[in-house]
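Presented sequentially are two complexes of chain A, the first with chain B as partner and the second with chain C.
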Partner chain A sequence: MTRFLARRSVHSAFALVGLIVAVFFLARLTGDPTNLFLPLDASLETRKEFAHKHGFDRPAIEQFWSFVKDMSHGDLGYSLRKQRPAMELVLEAYPTTLKLAGATMVIAIALAIVIGALAAYRPGGVFDRISGIASLAGASAPDFWVAITGILIFSVSLRWLPTSGVGGFPYWIMPITVLALRPFGLLVQVVRSSMLSALASAYVKTARAKGVSERTVIFVHALRNACLSIVTVAGDLTVGLINGAVIVETVFGWPGVGKLMIDSVIQRDFPIVQASIMLTATAIFLLNIAIDLIYVALDPRIRHQ
Partner chain B sequence: MAQITAEQEAVAIRRGLSWWRLLLRDPIALVAALWLCLLALCVLAGPELFGKAATALNLRARNLPPGSIEHGWLMILGADTLGRSMLARLIVASRNTLSIALISVLVAMMIGGFLGLIAGYIGRTVGNVIMRLSDIIQSFPSLLLAVVVLYMLEPRVGNLIIVLAITRIPSYLRVTRAEVLEIRERVFVDAARALGGSRAHILFRHITPVVAPTLLTILTVDFAIVMLAESGLSFLGIGIQPPEITWGLMVAQGRNHLSQAWWLAFFPGLAIMFATLSANVLSNWLRIATDPVQRWRLEAPKGGDA
Partner chain C sequence: MPDNAAPLLEVADLKIEFRSGRETVYAVNGAGFSVRPGETAAILGESGSGKSVTASAIMRLLQCPPAFIAGGAIRFKGDDVLAMPLNQWRRRCGREIAMVFQDALAALNPVFTVGWQIAELFRAHGERSGKKAEARAVELLARVGIPDPVNRARDYPHQFSGGMRQRVMIAMAIALGPDLLIADEPTTALDVTVQAQIMDLLQDLQKEIGMAMILITHDLGVVADVADHVAVMYAGRVVERGKVRDVLGKPAHPYTLALLESVPQLQQNSQSLRPIVGSPPDMAAPPSGCAFHPRCRFATGECKVKLPPKVAVAPGRVAECHHAKSVFNGG
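Presenting the complex of A and B:
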């Protein structure tokens, strides 16, 4: 078990380091960063001064070294527009995104398990067919389009929900629904198929033969085995959720990491983009380890390896 | 020799027929396939047939709501703020939208498939390096990756295709490698090796044909994913830039007129949804139709990491 965890952690760490190197050198390879940071009409003196202040006139390897050193004590540069440390800005935005993503994932997984399990119980039945089409539609719908159509119907026409911003419960309904649509759609299919194979297995037959109630068979015996693939896919989907968060936060005006990042890209505020990439990568690194731990808890074969 | 090819042809025809029959039996998959064929027609001939209508201004038809044909049947889906036909614009934009997605997934399939063949068949060290590189790509949200790269390069069609292709490579790589690891132990590969077949010969003539159907099934799913990704990027303003149009860009432009003219953003989004839904339905059907035994392989996205 420790070997499994150690190997997986090394893999994730490798990916993290690779990403850091890639981000740094890609930014340097595509040209002089002063061109990225400064407006086109900046004078030569300003450029030189800027380059010197940020160390862009030194060799790339030296720059990389000081970049790594700064990063090791949490310094990811200074925002060019907001005159505040980039790290601080990103850390401020993170809780909003995490709350949104957490609530979305919990709701999506819970709903997907119930609906997927019920669909697998009578494959080919009416419920199975309806949930199949609905989940496929959920996974196929462009999130930005669902978001603005939702605003059009529920905010502009019916005036039931606020168009954008952060606040009490009504502000959460649309962002969570839009964000949950894709993970929900994909998870229903995964739950359904893994439940199907679990329900066809011998131990379920044994449980039924012993007279265990149908509800226990589905939600305890079969679901536990189906959980392994659900956890894997849910982990991937959580990483993918950040894609959705970028769009949902932009449309609904949420002050999260996604919006911060898109705004910084458009304003060419590179330190913030870099800092949000680093922190997101670290968050994903931790998430992967958490998923591995859940895996170990669920699967005795790994625990006793 | 001639007899063998004739026989093979007959088998191929019979197989083609049974495919067709299978498709006819599943009405939902049939509708999806027909819809995709229609879209293919739009991509091939749309801009030539409707290019003029899509750019012709008709100021009397400005913000014409959908459902009326007093300005001609092309106005059935309404007109935009300059009085251009929505339907014609949708048809013209289909070329950019669908061809970017298709080219991206084809590039990803070829690169991912090739690297997967190498990772699976040649040496452990090379394989490990390739797999770790794919881990890096996969462990990062694709949209952020695209945002960063498009930020540093320019948001041109070519760059967009490169970025979208890169984000899809890992899925082909993993599946190909997993399949190759299993196939290379089979008897027919041993036979080919014993007969003195070269590595390249075995890889491309014996192993590739076995892997290909699986890759094609992933291609249809990925087509939907990439189309959504491209639309999202264009919607955010970092994908395709005007005056080029794609469905995602049309949604973004229509968003500014949401309360006066809802159809400007609604129909392009609906077009995206129908196209992705059709691709997803068809790929689900393909998956079941091609090989029921191998379904698990596709259902566990991260499987096969030995």
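Presenting the complex of A and C:
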């Protein structure tokens, strides 16, 4: 178990290094940020001074080494635009993203388990067919389209919900709904198919032959086994969300890390881009370890290997 | 057990089909047999003859659809099993009738400890105290011969050897002292030496509890060793039934005869080993008349078109064959 985690950590460390290198140089391929930050009529001296101050006049490889040196002291640089440490800005935005992702996944998983399990209990039945169509629609609806349609209907026409921003409960409804659609749709299908095979298994027959109630058969014997594949898929989907739900955060003006990243890319605010990618990568790494631990806790066969 | 005791279980003219979009598989086509209290009845037949489907139907474990009970009746202690509400039957499962499955690894839930799975039986049948249920589970593990039962109860099925897993299955099945135990090929997945141990255990427990047993197998040796009565199944029908000694000593059905001739240690009167020619029928399109006719050396024109009647060749001996009498009298 410890060996497994150690191996996993080494792999992730390598991936993180590769990611940092790629992001650093790719960002600089998009051009010199000087022109974006200074007014159009700034003099050549001011431009040179700005570039020199931030090191943009040096060769990229030199810039990279000083970036690595700073990073080893925990310094990820200053935001060019906001004049604050980049990490601070990212850490401010991150909880907002995490809250949205957490609420979304809790709702998507809970709904998917109930609906998927009921669909699997009578395959081919009316409920199964309706939920099949609904989950397919949810899994394949483009989120920007749903988000904009939602704003048009519920905010602009009906005026029931705010268009964007953060605040009380009403502000959460549309972002969560739009964000939950895809995970919900995919998870219903995963729950359904894993419940179908669990309900057809020999151990379910044994349980019934023992005289165990049908409710226990479904929600204890079958669901507990179906959880194994549900956890795997739900974990992957969560990883997708803590990346920052770029589109949803942008459309709904949700001040999370996805929006911060997009804004910084557009403004070529490199330190923020780098800091948010590093933090996201770390979060994904931690989440993956958590998923592995949950999986191991759920499946005794892996635990004893 | 006297031959005229009221049967504990009676299966009459049972017909089970699996219907899918394109085809219908006629898995059981009018099978009938009965089991008296305390006796061991073997169901003997080659792979695909409908043994497991019949057992599942008795326990009401078939998934319907695709399975359909197309006819017949199952009576347990005189009650119509197929007609009673399912939850009522479920409450009797485990307590009055129990089943041991062939593949214990698949039949035990991989994510729960064996102690939990055995204790669940007590909880499902009214034991409120979880502690007591666990303690009884440990007792049972000891009773079926699992060493170190206190610790083993905390292990998961994959941590047991094949033989020990089957012991766990058996512990679960006999926990409440059922009147009838259905054992569906309980030893097929095991090593030969372990097979004998498991059969011994089953027989010991059967005597102790005084339960009847349906032993499903395709092993003639096991039938000869442990069963009182045997029902020989072919293509979803019971083609011959009677006392084991009588049936194996003097078969009345060509299929039973062929089975005997294909097994080395049991043949007494014929000199050469004769494997059964041909292959088992496709149950989506079973042969007309007698389903055995494409492989039967006694077949005549009649066999191809007419379903053979049940012929009583001797008291307590029935065979479904047009020529049962002549086979019985020296075929």
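The rule we apply is simple: the second predicted complex is superposed on the first by the 258 of 305 C-alpha atoms of A that agree within 3 Å, B and C clash if a C-alpha of one lies under 4 Å from a C-alpha of the other, contacts with A are read in each partner's own complex, and residues count from 1 in each chain.
Definition applied: a contact is a pair of C-beta atoms (placed from the backbone, for glycine too) under 8 Å apart; a residue touches a chain by one contact, two chains touch by 3 or more.
In this text, all values refer to a predicted model and were calculated from it rather than measured experimentally.
J.: Would chain B and chain C fit next to each other on chain A once aligned, or clash?
T.: Aligned on chain A, chain B and chain C fit with no clash.
J.: Would you sort A:3 into first (chain B), second (chain C), both or neither based on which partner it touches?
T.: The answer is neither, since A:3 touches no partner chain.
J.: For A:225, is the partner it touches chain B (first), chain C (second), both, or none of the two (neither)?
T.: In the superposition, A:225 touches chain C alone.
J.: Quick check on the superposed pair: does A:159 touch chain B, chain C, both, or neither? Answer first, second, both or neither.
T.: So A:159 meets neither chain B nor chain C here.
J.: So, A:73: does it touch chain B (first), chain C (second), both, or neither?
T.: neither
J.: Decide which partner touches more residues of chain A, taking chain B and chain C as the two options.
T.: B
J.: So, does A:209 touch the first partner chain B, the second partner chain C, both, or neither?
T.: In the superposed model, A:209 contacts chain C only, not chain B.
J.: So after superposition, what is the minimum Cα distance from chain B to chain C, given in Å?
T.: 11
J.: Quick check: in the complex, which residue numbers of chain A touch chain B?
T.: By the definition above, chain A touches chain B via 11-12, 14-15, 18-19, 22-23, 26-27, 30, 36, 133, 136-137, 139-146, 148-149, 151-152, 156, 189-190, 193-194, 197, 229, 232-233, 236, 239-240, 242-243, 246-247, 250, 261-262, 265-266, 268, 273, 277, 280-281, 284-285, 288.
J.: How about chain B: which of its residues touch chain A in the complex?
T.: 28, 132-133, 135-136, 139-144, 147-149, 151-153, 224, 228-229, 231-232, 235-238, 248, 251-252, 255, 258-259, 262, 265-266, 268-270, 272-273, 276-277, 279-281, 284, 295-296, 299-302
J.: Applying the document's contact rule, which stretches of chain C touch chain A when the two form their complex?
T.: Counting only chain C, the residues touching chain A are 56, 59, 61, 63, 87, 90-95, 98-99, 101, 103, 106-112, 120-121, 124-125, 156, 158-159, 169, 172.
J.: Which residues of chain A touch chain C in the complex?
T.: For chain A paired with chain C, touching residues are 200-203, 205-214, 216, 221, 224-225, 228, 298-301, 304.
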